[in-house]
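The two complexes that follow have subunit A in common; it is paired with subunit B in the first and with subunit C in the second.
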Partner chain A sequence: MEDFERQLRDALARKEQPPLFEAKVFAAIAESKSKRWVSWRWEALAASLLALAGFWAQHEHAVRDRVAGEAAKARLQLALKITVTELSKIQRTVRTTEE
Partner chain B sequence: MIAIKTILVAWIALAPLGAQEIKIPASLDRLAAKASEVVDVTLDANLLQLASRFLSDKDPDDVQVKKLIGGLKGIYVRSFEFEKPGEYQDSDVEPVRAQLHTPAWSRIVGVRSQKSGENAEVYVKTGNGKIGGLAILVTDPKELTIVSIEGSIDPDQLNELGGHFGIPKVDTRKEAGHGKDE
Partner chain C sequence: MVFSLAYHFLRDRGAAEEVAQDVFLRLYRKMDDLEDARHVTIWLRKVTSHRSIDYVRKRGSRFTIALEDTAEPSVTEQHGDPLLNRRLRQLIATLAEKPRMVMILRYQEDLTPEEISDVLEMPVRTVKSHLQRSLAILRQKIERSMGEVR
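Let's turn to the complex of A and B:
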């Protein structure tokens, strides 16, 4: 029992910190913070680049879509113009013949 | 069992009519080299849908066109203009005409001008009491135009497009001094 009490007392007894312990702890904390900051900056940069690439791809797709759409509209206009003109010519000839 | 057989026979018989579309023969593309002016427009269902997306819902002309192309599956136009007559033969047009001389298609107009040598034909594809396609074939000594429109179309709507959507309003009144047509 005495042995146990002695062990407990030793364990709970205040011990002096080794010299420079506090400085080492602060240095370790500072280093850890610095590493985390550098890592965070790289992650932010990568995310920004990814977002930029996504935005650019979306913009390019929209531009290509618009160009193709406008071209299709112009072709449609031309096709309808030819169709209407030919039909009108035929209609006019038929009317002329009837008269 | 008899009902299934009847449906199957009817489906086999009607399937070719549904699938009957005018194929522009590749031989016509060879005429492009001889032609002074060529118009080649191919608008399949996807391109029509794309073009439709770029038509405004507010512009009355665009709305009219949107309505017109709503039921279409394709518009195909080949037009060749030549410097001199005889650059193409009847045999070049025959494959197209042969496709139109089928039960699915009916010729509604045929105009032949002896004076100018122009020959114009309008065909419609009918089914279920509706027009399911329109084909125009215009042959002239110095010009050849083939228009094929697939899908449900109202010719009156086409006519109304004159003067709108950049399409010139065409006067269909009798021209003074027009040649004798038959």
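Let's turn to the complex of A and C:
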């Protein structure tokens, strides 16, 4: 049995890889790297577009907030103006009635 | 090791190169996850074995080789009887996929049944049974075709 197993070891001894095999592997790796670079560029472009859309949405939101803020401020100012006018009226009425 | 494993299993130089190239490409992508040289060797054996078996399964009946016609890589036989070695390789190629890979891992890579069980993800008991059965079949066939094995 041991002899037969030795014969099997001889028969299945490691075979050398063919010449140029390494070069082919490196070429395949280089090709895959370049494909990945192309795919990476598309991914980067998509990410940039997404980021741009995000910034734009944020900017729009900020503009809307500013407009809303200004409108609120104007309303407050108007309310205060009305209040001051009303207060003056009341003050005038009180003065008139007291006099 | 990678080319040789694929070659002994597939018995086709072009197919073995294709599998080996794919394995190294996978290794390149996986390199960062592998801790040390020993881990790389274990990973290479595992992936080469599974890729070689998949290669035959995917091609099915289209991947049948006329064993007598296969040209072997031009390496001079270092040990033993070249004729007997060639006949043994031809007979090993007739074994079913899993037992064939078990034999190659055992006698090319000198792995223990436990190590083979880890590579092929099968119970040690199954590995031992494949080994025993394949040895008996090969012994019987070689005796029939070449006379008493020394």
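Points to keep in mind about this one:
Note that the second predicted complex is superposed on the first by the 84 of 99 C-alpha atoms of A that agree within 3 Å, B and C clash if a C-alpha of one lies under 4 Å from a C-alpha of the other, contacts with A are read in each partner's own complex, and residues count from 1 in each chain.
Basically, contacts are C-beta pairs under 8 Å (C-beta built on N, C-alpha and C of every residue); 3 or more make two chains touch, one makes a residue touch a chain.
None of the values given here were measured: they were computed from a predicted structure.
In the superposed model, A:Ala68 makes contact with subunit B only, not with subunit C.
One of subunit B and subunit C touches more residues of subunit A, and that partner is B. Looking at the shared chain after the overlay, A:Leu78 reaches subunit B, while subunit C stays out of its contact range. Look at A:Asp3: by the touch rule set out above, it reaches subunit C but stays clear of subunit B. Look at A:Glu16: by the touch rule set out above, it reaches subunit C but stays clear of subunit B. In the overlay built on the shared chain, the residue A:Glu60 is in contact with neither subunit B nor subunit C. In the overlay built on the shared chain, the residue A:Val25 is in contact with subunit C alone; subunit B does not reach it. No residue of subunit A lies at the contact with subunit B in one complex and also at the contact with subunit C in the other. Of all residues in subunit C, those touching subunit A in their complex are 1-4, 7-8, 13, 17, 20-21, 24-25, 28-29, 72-73, 75, 77-81, 84-86, 88-89, 92, 103-104, 107-108, 110, 135, 138-139, 149-150.
Within the complex, the subunit A residues that touch subunit C are 1, 3-18, 21, 24-25, 28-29, 32.
On the side of subunit B, the complex with subunit A involves touching residues 39, 41, 43, 47-48, 50-51, 53-55, 65, 68-69, 75, 77, 79, 109, 111, 113, 118, 120, 122, 136, 138, 145, 147, 149, 155, 158-159, 161-162, 165-168, 170-175, 178, 181-182.
Per the touch definition, subunit A reaches subunit B in the complex via residues 66, 68-70, 72-73, 75-97, 99.
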